[in-house]
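First up is the structure itself, then whatever we jot down about it.
Just so it is clear, A, B, C and D label the chains in written order, and each chain counts residues from 1 on its own.
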Amino acid sequence: MSSVASVHSLWTVAAELPGKIPAPRIEYGQLSPTLIVLGAAVVGVLIEALLPRRSRYYAQLLVSVVALAAAFAAVIGLAAGGFGSSKAGIAAMGAIAVDGPALFLQGTILLVSLVAVFTFAERRLDPAAHGNRVDSFAAQAAAVPGGEAEQAAVKAGFTTTEVFPIVLFAIGGMLVFPAANDLLTLFIALEVFSLPLYILCAVARRQRLLSQESAMKYFLLGAFSSAFLLFGIALLYGYAGTVTYAGIAEVIADGAKQIDPALAGTMGNDALLLIGAALVLMGLLFKVGAVPFHMWTPDVYQGAPTPVTGFMAAATKVAAFGALLRLLYVVLPGMRWDWRPVMWGVAIVTMLGGAIVAITQTDIKRLLAYSSIAHAGFILAGVIATSEDGISSVLFYLAAYSFVTLGAFAVVTLVRDAGGEATHLSKWAGLGRRSPLVAAVFAVFLLAFAGIPLTSGFAGKFAVFKAAAQSGAGWLVVVGVISSAIAAFFYIRVIVLMFFSEPKAEGPTVAVPSPLTTMAIAVGVVVTLALGLAPQYFLDLAGQAGVFVR
Amino acid sequence: MENLIALLVAAPLVGAALLLCGGKRLDRTGAWIGSLFAVASFAVAAVLFADMLGKSAEDRAVHQHLFSWIPVGGFQADVGFQLDQLSMTFVLLITGVGSLIHIYSIGYMEHDERRRRFFGYLNLFLAAMLLLVLADNYLLLYVGWEGVGLASYLLIGFWQHKPSAATAAKKAFLVNRVGDVGLSIAIMLMFTTFGTFAFGPVLAATGDTSEGKLTAIGLMLLLAACGKSAQVPLQSWLGDAMEGPTPVSALIHAATMVTAGVYLITRSGAIFNAAPDAQTAVVAVGAVTLLFGAIVGCAKDDIKKALAGSTMSQIGYMILAAGLGPIGYAFAIMHLVTHGFFKAGLFLGAGSVMHGMNDEVDMRHYGGLRKYMPVTFVTFGLGYLAIIGFPGLSGFFSKDKIIEAAFAKGGTEGWILGGAALLGAAITAFYMTRVMLMTFFGEKRWAETPGAAAPGQQVQHPHESPKVMTIPMIVLAVGSVFAGALFSVNEAFVTWLEPVTSFAHGHSPLSATAITASTIVVLLIGVGLAWQMYGRKPVPAVAPRGSLLTRAARRDLLQDDFNHIVLVRGGEHLTRTLVYLDHSVVDGAVNGTAASMGGLSGRLRQLQSGFVRSYAVQMLGGAAVLVAATLLMRGV
Amino acid sequence: MADFSFPLLTATAAVPAIGAVATAAVPAAKRTAAKWLALLFSLATFVLAVVIAVRFRPGAEGPYQLTESHAWIQDFGVRYELGVDGIAVALIALTALLIPFVILAGWHDADPLESASDSGSAAGSNSRWRPTQGFFALILAVEAMVILSFEATDVFLFYIFFEAMLIPMYFLIGGFGDRAGAHGEEQAATQRSYAAVKFLLYNLAGGLIMLAAVIGLYAVTADQLGSGTFSLQQIVEARTSGKLDFGTGTERLLFLGFFFAFAVKAPLWPLHTWLPNAMGESTSPVAVLITAVVDKVGTFAMLRFCLQLFPEASSWATPVILVLALISVIYGALLAVGQRDIKRLIAYASISHFGFIILGIFAMTTQGQSGATLYMVNHGISTAALMLVAGFLITRRGSRLIADYGGVQKVAPVLAGTFLIGGLATLSLPGLAPFISEFLVLVGTFSRYPVIGIIASVGIVLAALYVLVLYQRTMTGPVKAKVEGMPDLRARELVVVAPLIALLLFLGVYPKPLTDIVNPAVDHTLSVVDKKDPKPAVRVDAVPGAGRPGHAVHDQEVEAAK
Amino acid sequence: MNPVYYLYLAALLFTIGAAGVLIRRNAIVVFMCIELMLNACNLAFVVFSRMHGNLDGQIIAFFTMVVAAAEVVVGLAIIVSIFRTRHTASVDDASLMKL
């Protein structure tokens, strides 16, 4: 441990001299958002253990909402306290950075999660089974689909209220992920938010086969990629002799000099650095769903319970891009000229790949999945900018995009027929005639995805492309524009379907949601339009949050 | 005084507006209202004429500037009028003949329920025509130019329910449009050359301009003239235009509109004077047309078409004269006026005949009508004598002068032109005599009672037309008798026009008397020939097959067939191919990209096989690529 | 220079916007109320437009007047900057003028079909489904956006509305077809949505290409001026003062980006194929909206943005563009001749006319550009007249095919008459407004590019051909079976057509009010582009037109003749 | 002896693990292969820790083990539930969602 401290003392700015046996100093205040959420998660577990079934749902909902709200308040407090800008610093013995980007992303994640929790708690959409309101999660995930156990569970009115603590854990991990200041924390955070997600994918009430399949695919591929990530970390550690971001950055910056000869064997061995960096990048690109590490996205998005899909699509992207940004801007700025071209390539194939494949999709959830891939490409364009504008534009885009996505998936949960959600596009024909309002709202989200002016999507797209163009990536912008033209095609297709095609006689019905989902959708619409009409305030926010601490 | 000029145009314009927007309540009185406005315009013209006579020759021209029309940078178009001797002549002709024909139409259109609109159109025509001859710049002239085109379109197609009429109207407008393009290009050339297109400056500046530019302008003007005045090669519309009511043919397609080309060339004399090549083109067109029209006129059995052919040829004379420069202008206009009288008269006569023969136009179904409609016979006869140039009548003076001037052109050119003119005179005499004989003489080729009708004969009850129709005919007849003589007493007409068109005595290789004599000789030959063919032996009720030339002439010397095959058919093919290309190529390209994008998408989807392990493979591959790329970047 | 006077320009755009919301809010049952409300708002807008025209001082210095300027998105260098020059005033007036007629003409177009209840029972029964309200609300929305894009002097602001206007247009085209489906409602619907999608994708693609250019513009300004800006005036000033200099290559790329979008919108050959579908499938008021109002934004933007932002590139691209425009003129006319469908015919005619407009813009002469501007206005009015009458005709007979008509003038003379006048305006007959603009364009083109001018004037003949053929086939000849008993124009329809025709006549005889407004703006544009009119070969001393020729001239004339 | 050899070993193990993931059908085995990869990483960490003479690597190794354990918990849960549903643990059978 001591030598760890000594290693820290070598390269970090915010660490004290090594004492005899230093007691680790934890800045609880600055870590409060994460701590609150994780604490709430533990409480949630206890609730599951101690409270009678029927009161669990309300208790869990209450705890989660309060916790998330409190955490968000804490983030605001920190930001107000200047921890985003002047007082930005490293906390928890260099493990976690508390700075502008971190706080901004944590704030976004918390808000998104809050809204997502509402959709989790929605239990008006499906007809009540045996007099018990049901939500979109299996009565008893462990029971075999269609087996007696499940029947019994349904009759008994079981509900998987565990999802609340589980999602809280995931959120906790996500909060840490973009703030992680050394590779170890990064890895742990990754696992902490991935594992709960694997579970959440598996617990859909309807179409459980798909749900379980998606969970397994997500799990295996996730674990596979995290193995690569870990190996990358190992190599970087071998290269730099440390896993703190600052430390690695130092070594990259000024090679192997002034380091004790013991390390000379591996120190500054570029092969280690490059391979390691590439593998770590791969781990993160997998999470953001960039081509060619995107295969899990459509399947998982389709199979997972729709509220979970919305949560994943929104929050995971935010967290993962946050981590990616920090890695590239804090750890690897020194090797900018190595990774930028590579990321160029990734961004291009991601934008085009996502857009093109989406054209021929027939399932709304898969369609949105591919669109999220395309958007990952757009965001990457901003990431590549390697400028303060780049950071802030990405932050803004993430905020804008996550709410649109959440809203869109929330709408998807409303369109239902006998077999649960009617996700096949053909069933959406003439929706605009049946319920103009819902169709109009969904159209707004689609237009935002397509980046039509006066929606948040346009502002975000403009921001990232502008940043990219200013950093001399003009042709990347052109590619981006072309692919968004392609993308526009399939968004329009859905609108055509909803408004201009005659409704089918046996078409789906639009369920009337409880205030929970209504609120989720409303928030989505409001944010979409607000960020579209008057983005300045949020751009300022993102702009102020545009500096990483190291 | 010059403020009255606008009134000339305004009066018929108001009439037109009134009649066209007035609605049904004007149906009864419409005819009279229309005629009233026409006569009013004539009255104004008379006043102005009197005023003009009062002034000295040099400052007879008066201008009225109304307002600035299109001011854009150097491009300054005004609405302004210029009334000088030339335009005065036209104004009198237009309003005078116009009024007469209005009155005539009251009777002729009596039974047509849409006559309110008819008179509206006639007034519209008067307004446009007056605008044409009164404009003080080419752009405003262009407005009148197309205005008369529109009026003629409306009037030719007046009986729209007849597809033939509608087609004829469309054809007339289109062919005219081709000419109009010439005019507009001429105006553009003027603008780029002189920076203006007002008569005054342009004609004043011809001195210091390259001949090439002037030639170009001249040729463009000639093109315009060809269109409007039915000169070869744009003559094909005039024959069909006879689909219109006869008064229309008399006014528009004989007396006034078709002569606008002559006006244009005379008005632009300064330009042509400075561009000999253009002049040559003009005389060539004139000579060819006068023969062309005459030949066509010989073959037609439709009385109006025959007269149309003659109109064509007479205007050919005028164009020829106008192309001769200062030695010709005055005579061109003079012939124009006399022709206005007798040709209008002839048409009205023909109309009267049709009126009496319930709209039968085929002369082979006429015959021996002289005792049934005496007035018509007399007036028509006088017109006939005038047009063939019977000594003493107006045609004699004007045409004779033109022939003389043609010879005076000098050189082989002069001989050719003069010869052509002479030959034309002979043919004129021939076909007019033919018309006369077939219509009024010989035994009648129709029956008064069904019983008496031989096969192929129609039952007719010919009768003289009402006063309201005959009186205008009489007036015109008088004009066609005396106008020429009147104009020629000590060259009154020439001196009258000289300040505008300028005048130079041509010196022809032949003496005037010789020419006069020769004209009379050819005249007699023509008449005699016609008498041989149509006077001596009876006229077959059905046209004989006739010689190759005859058949060609019946078909307007195949000019229409040429147009049809080359332009119409060709155009149809062109548009069809274009429509196809637009759909398959231009549009197809776009749809193609869309389709190929879809196909690409479909193929890329296959990568998403659903098998975890294939995903893993791709991820591994991706990782490998990523690593390799990163290494390559550093070149390790 | 945010003056605290009444924000007239904003108001002019705001009124229809509010109107749109209000109309949309009218409950389903109160259909007629919605119509009147929409009409009312459109008229109010027209009043405001008139006020603008009155407040506008042609002589005043400075390119733009009635300017408003407020901060909007500093990070993007975007300001809410409005201002009008003569060209904008003319086009705003046109827009505000046409919309009431469009609404009036479309009075019954969006009434739910009697058969609607059984086709799509859900739609019939659903009380929240309010097509009529939607129709008029969308029209007003389009008006608001069009007006704003005419007023915007900030490139980004313009772009936003240039793009956003697509959405309401898209719904207007796809949502409301005329009831002339040759093969039944079902197929008509599919054709409609195809047309709508085509329209949207074409324009969206253009718009997105332009977006790239817009971003590029920002990058350049940010790079060279320190802070990125989209303010047209700032950029122009910076250019002229030499502070700003896109490299040749960059400028050309950016120009192409902008021009592409405008060429799609205009539409210029070969990017035109969306227009016939869109105009053919939509109801004739919407077709008027497309060709007479929305497309004008494209040509307007060429004048205001392409030329002023990228003068060098503009003159670099001129030859190609002129050729394309020329092709549009001839090609559009020829295809119009070949059409069997009345509305498609008019659409291709419009393509030909847009060719003329672009010709005039890029001839870079005062006559050309003033002519082009007048052309935008006149073409708006004349096409509106022709298209709306055609619409009345089509709704009577329920068919768009020319072959289904014949002898209409016998049963409905007034309709035929107005149709003829509209047609004559389309073939730009002297005395009617379009003649002036067309001739100006031709002269302007001719004076710099004689050959192109001459070839273009072939278009005049072709115009006559397709118009007269259309008139002959539909209106003249023996009366066709289904045409008998066709009612003549009703009062409402007359109210729509008569003013338009009156306007055509007035502007044809006395266009000076318009030219006075437009000329200064054109001069400014040309001064920015730094082009001068070619001088005539012979300078005639007597300044023509300035005063009457008078006696002096007359004397010269006599001498000349002597 | 030279610690670098252990690195080669680690790489080898990692590759074997990856290969196994691609080759084997049984979900359990695939999962085991992933565990193998993780352990390869551990080895690498420890070796580097030795080379650098600081303990970070070893600490990370411990963390990794914990994470691996957690993954086992979740992973097995999912795999088992699928097995009970489908009566097979073959990853290839779970391919309902595709394209």
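Note that contacts are C-beta pairs under 8 Å (C-beta built on N, C-alpha and C of every residue); 3 or more make two chains touch, one makes a residue touch a chain.
Keep in mind that what you see is a predicted model, and the values were worked out from it rather than measured.
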Distance in touch steps, counted as few as possible, from chain C out to chain D: 2
Distance-to-centre winner among chains (Cα means, whole assembly as reference): C
Centre-to-centre distance between chain D and chain A (centres being mean Cα positions), rounded to whole Å: 24
Gap in Å, rounded to a whole number, between the CA centres of chain C and chain B: 37
Chain B and chain D: spacing of chain centres that average the CA atoms, whole Å: 97
Centroid distance [mean C-alpha coordinates] between chain B and chain A, Å: 81
Residues of chain A engaged with two or more neighbouring chains: 216-217, 220, 224, 228, 298-299, 489
Interface hub residues of chain B, defined as touching at least two other chains: 594, 605, 608, 610, 612, 616
Multi-chain contact residues (two or more partners), chain C: 201
Complete list of chain pairs which touch one another: A-B, A-C, A-D, B-C, B-D
Complex contacts: residues of chain A adjacent to chain D: 1, 3-4, 6-7, 141-142, 144-145, 184, 187-188, 191, 195, 198-199, 202, 208-210, 212-217, 219-220, 223-224, 227-228, 230-231, 233-235, 237-238, 241-243, 262-263, 265-266, 298-299, 302-303
Chain A contact footprint on chain C (complex, rising order): 71-76, 119-123, 126, 128-130, 159-161, 163-164, 166-167, 170-171, 174-175, 186, 189, 192-193, 196-197, 200-201, 204-205, 208-209, 211-212, 215-216, 218-219, 222-223, 228
Chain C partner contacts - residues on chain B that touch it in the complex: 20, 58-59, 61, 63, 65, 67-80, 82, 84, 136-137, 139, 142-143, 145-147, 150, 153, 157, 160-161, 163, 165-167, 170, 173-174, 177-178, 180-181, 184-185, 187-189, 191-210, 213, 269-270, 273, 326, 499-502, 571, 574-576, 578-579, 582, 586-587, 590, 594
Chain D residues touching chain B - in the complex, by the definition given at the top: 18, 21-23, 25, 30, 91-92, 94-99
Touch list for chain C against partner chain B, complex: 201-202, 269-270, 272-273, 331, 334-335, 337-339, 365-367, 370-371, 407, 409-410, 417, 424, 429-431, 435-436, 439-440, 442-443, 446-447, 450, 453-454, 457-458, 460-461, 464-465, 468-469, 472, 475-479, 509-512, 515-516, 519, 523, 533-551, 553-554, 556-562
